[in-house]
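The same chain A turns up in both complexes below, where it pairs with chain B and then with chain C.
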Partner chain A sequence: MKFKSKTALIPYILWIAIFVIAPIGLIAYYSLLDLNGDFTLANYKNFFTSAYLTMTLTSFWYAFLITFFTLLISYPTAYFLTKTKHKQLWLMLIIIPSWINLLLKTYAFIGIFGLHGPVNAMIEVFGFDPTQILFTDFSFIFVAVYIFIPFMIIPIFNALDEMNPSLIYAARDLGASAFTTFRRVIFPLTIEGVKSGIQVTFIPALSLFMITRLIAGNKVITLGTAIEQQFLVAQNWGMGSTIAVFLILIMFASMLFTRTKKKGGRA
Partner chain B sequence: MRTTLSPAAKIYLALVFIVLYAPIFYLIFFSFNSGGTMNSFEGFTLEHYAAVFDDNRLLIILINTVIVALLSALFSTIIGTLGAVGIVSLRSKKMRNTLLSLNNILIVSPDVVIGASFLILFTMVGVKLGFASVLISHIAFSIPIVVLMVLPKMLEMNTNLIDAALDLGATRRDVLTRVILPYIKPGIFAGFFMALTYSLDDFAVTFFVTGNGFSTLSVEIYSMARAGISLTVNAISGLVFIVTIAIVIGYYYFMSRSKKTKGA
Partner chain C sequence: MKSLINVTLSILLVCGLLAFVAAKLDTSNAAGGDGVLTIYNWGEYIDPDLIKQFEEETGITVIYETFDSNEAMLTKIRQGGSAYDIAVPSEYTIETMVDEDLLIEIDHAKVPNLQNIDPYYLDLPFDPANKYSIPYFWGTVGVVFNRAQLPDHLTFDTWEHLWDPALKDKVFLVDGSREVIGMGLNSLGYSLNSRDDQQLREATEHLKALDGNVKAIIGDEVTPLMINNEATVAVTFSGQAADMMWENEDLDFAVPQEGSNLWFDNMVIPKTAQNVEGAHKFINFMLDPEVSAQNADYVGYATPNKAAMAILDEEVVTDERFYPSEEMRTNLEVYENLGLEMLGVYNEYFLEFKMSLQ
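Here is the complex of A and B:
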């Protein structure tokens, strides 16, 4: 290509330097500072105490549960969607809720799960006493799964949609059962979509802080909540940065995880 | 895969759609409730909508949100499109992949980390927290999605078009404005709309980098929701829902029109 446009790259590269590389560097730098701005490794020592490790593990556990349930609901949904007549229209109807402001959707659940809300009203119809659903693990996981479902469905839908249907016919002709076809043909061919879905769910699930505050009522502490707490409440940027360093490392790991597998699939 | 859906599959899909839309319609339904709660519907009223339009502070926040969204989408679309054009023109594959990996970092980064690191950045550089810091952050986190939307269009473009234009005596500026930009227009639109929705939807980053005097809708709803149920928030959701549907329709209208002109 004779047309060169190095000048077009200048603002873009400046952007990368200032808003991608510098912030990561600053986080790493601040993680080595104590409250007075002196160099220290105390934050890291702190991070490896049982209190923080327990928090990290719980955060992972919640993120795992959220991702698991999101995938469990999304995969069949995406699969059935590809078989509908106007699949693009149906897909759009799945996407629209994801465009409604996150805060509004979360706020809705404060009403829905409230002590006098519709869910409790239903429970009462069946003769049970209304219970507090809000501020429980269940409500936290439910709302998070609700938020992430569209983001999981889209990549899986695309992967299923790209798949050549004759592969399924071939499998069936060769005598594979519906389950075997799914396990040996459909699922392996759509694993890329599943992986991108997991990536867009797991990392955000680790760092949720708004839903934990509004729905879980500070009972659930995720890595995200801890960072927000350290930065904006405790004003301990050093400790907050240390937790952020950890999140960044997990993020890089997940980027590698999705990339290497992609090479293997397309080789 | 032209098999029809079994009834069980249909019920499953219906359930998913009901669960996805129920909370949204629940909010909008109670925005017309004359009682003050989201539990029992007492009577129809528009007073909560009136309350939104009577509240000057809320109106200013709404305007702020829209201005930040439009400006950040505009600037990120410009920088991102130029970036995509530049990336494609790079001859070294390694360089290209490095840039794309760096590009993806902000897409994969958790909001909280972006917010916290930008807060450090702005404090260090001395940018006052408020409109400027929020706008700059929104531009910054929208650029990578614009690049990802424009890049496929750039890659599918036949480079002969550019060579032909150059051979026919077009300047580099002409090539950009008369050949490349018209071709990648659908990608640019898609990038612009994505940037718009990223900005409108953002809460965490804004929450970190906004100062005392400046607020966007998400941050305001957060503080209102922490204080408890207020049907004004429901009225806002009604308005947001209408605007969202309008944006979706506008987006598909633009997309189908640009497809048609390409076909003609």
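Here is the complex of A and C:
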């Protein structure tokens, strides 16, 4: 029996080795090579002394803002969804846009936000001059938030939906105000959903790259953009891989930060 | 145990399938040979009717693929495994490809139409005696601007006009480190092939002063944006400007006098070619005056083909914005192959400039 249970692991180990460990290993290996293919630590040195450190912070800041606003919109949405009559239908309607290709949606926003687009047409109706919306921080964060909302809503919706409603009645019976009920009962019980929502938003937000050009006009530079440039233009695979290594480290850290606690603590 | 083997097998099957699909998708791998010609060209860079005409005349089937940067093309050819018979790199990339021994010498005896090419575009420093490459199109980098929406004093015969306070949030730049840093160098009177760190530093600082004026740094999306009057000024390639002006009559194009980039795209035959004979036929076909004229008309860039220029509209070939005179060309510079090390430096400065915006 024991033998059997170990062999059962083989397919999974094989899968992980080929599709997870090997690529990460290759990235780590390439990050140690210079332009001529010789071993060097210069890439890492370069990362710490140049613009890349600032860029890491900027990426972090934008990813934080995107996650924050996505959460701000998604939590109440998920909450009200669970109260509606046909909640699965509503959830479906929110998810459907995520089936459309990301680039297509991004291109659509170029038209929507343009100087002669519908948004500026609205602004003009109210008697204001058309404003520059496209290629600003606002448009960047708006589009990113729009893209991530469905991914944030789903885990929060599931957590809220699984919650036992009698706990809320109990809290209210015992004299807790609506706010206290939310703070002490609802939110702590759905925190796992929020955490997974943050993971699926924050991590991809760190490495967004196409919309930094199409929507932010390269005025927002993220680590993702830098990696693309290093590989395709500068042909410096070493430096590109080094940035990727740091991206992986940051992702790992954010996973640790939002990890699910196994032991049910009673705080 | 049995299901276990099944799972293991299915993983291996997935790997095999992926490899198979990858090989299939890469049409250039599988195909190749006498009846087939694989062409690797820039996007929107040939009149599709001409491909059909070539197929009809020669009976060769053409596989046509496109790239969007010299670097991407180079990487693909360098890695091997492709079977491109024709590629169309720019001059500094041709230099690299010759250095790395990636090209086959062109047999001039098989390209009699070469006589149609203006000698000015032959025997250039990047490929002496045109051993490896034959001219396809040439052009410049300049400023396309909306005459109707700008004060009259802005004519862009100098790069300095880009820094004009009237252009607040109105300028598009092309997303390329050589082009933008080169423009910064030119605006200060330096060479756009500068390897001097002091000059590069100065150019970057000068570019940073452009901050308030830059609306976005983008790629090919600039064409529809300019046509729709989304921006007033864009630094772009001459042919792209010609496309925009075709659609929007308010637009005009100028190449600043301090200097700018003059580039040549030439046809080459990579070492990986499977149909060298067909490749020669194609090059000769493209140099035919009628064909060349039709192509230039469609693409909008300047043709080096003297016989074709005779056929083209007089108005087009005498337009000095797109066919700058020899005298004007003395201010223009061709990109030199700076080497990867220096290219990296240009990129770092470009990144610094981008990050300084707003």
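Definition applied: the second predicted complex is superposed on the first by the 243 of 267 C-alpha atoms of A that agree within 3 Å, B and C clash if a C-alpha of one lies under 4 Å from a C-alpha of the other, contacts with A are read in each partner's own complex, and residues count from 1 in each chain.
Simple rule for what comes next: contacts are C-beta pairs under 8 Å (C-beta built on N, C-alpha and C of every residue); 3 or more make two chains touch, one makes a residue touch a chain.
Quantities reported herein were computed from a predicted structural model and do not represent experimental measurements.
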Between chain B (first) and chain C (second), which does A:Phe257 come into contact with in this model arrangement: first, second, both, or neither?
neither
Check the residue A:Ile110 against both partner chains and state whether it touches chain B (first), chain C (second), both, or neither.
both
I'd like to know which partner A:Leu134 touches here: chain B for first, chain C for second, both or neither.
second
Applying the document's definition of touch, where does A:Val233 land relative to chain B and chain C: first, second, both, or neither?
second
Looking at A:Ala51 after the superposition, I want to know if it touches chain B, chain C, both of them or none. Which is it: first, second, both, neither?
second
Please indicate which partner A:Phe187 is in contact with in the superposed arrangement: first for chain B, second for chain C, both, or neither.
neither
Could you figure out whether chain B or chain C reaches more residues of chain A?
B
With the two complexes superposed on chain A, say which partner A:Ala8 touches: chain B (first), chain C (second), both, or neither.
both
Between chain B (first) and chain C (second), which does A:Gly217 come into contact with in this model arrangement: first, second, both, or neither?
second
Chain C-contacting residues of chain A that also contact chain B:
4, 8, 11, 15, 18, 110, 114, 116, 213-214, 232
What residues of chain A sit close enough to touch chain C in their complex?
4, 7-8, 10-11, 14-15, 18, 35, 50-51, 54-55, 58, 110, 114-116, 132, 134-135, 137, 213-214, 216-219, 221, 226, 229-230, 232-236, 239
The chain A residues in contact with chain B across the complex are 1-6, 8-9, 11-13, 15-16, 18-24, 26-27, 30, 73, 76-77, 80-84, 90, 92-94, 96-97, 99-112, 114, 116-118, 121, 146, 149-150, 165, 168, 199, 203-204, 206-207, 209-210, 213-214, 223-224, 227-228, 231-232, 237, 240-241, 244, 247-248, 251, 254-255
For the complex, give me every residue of chain B touching chain A.
1-5, 9-10, 12-13, 16-17, 19-24, 26-27, 30, 37-39, 79-80, 82-83, 85-87, 89-90, 99, 101-106, 108-114, 116-121, 124, 140-141, 143, 147, 159, 162-163, 166, 172, 175-176, 197, 200-201, 203-204, 207-208, 217-218, 221-222, 225-226, 229, 233, 236-237, 240-241, 244-245, 247-248, 252
In the complex with chain A, residue positions of chain C that touch it:
1, 4, 7-8, 11, 15, 69, 71-72, 75, 169, 172, 175-177, 214-219, 221, 225, 228-230, 340-341, 343-344, 347-348, 351-352, 354-355, 357-358
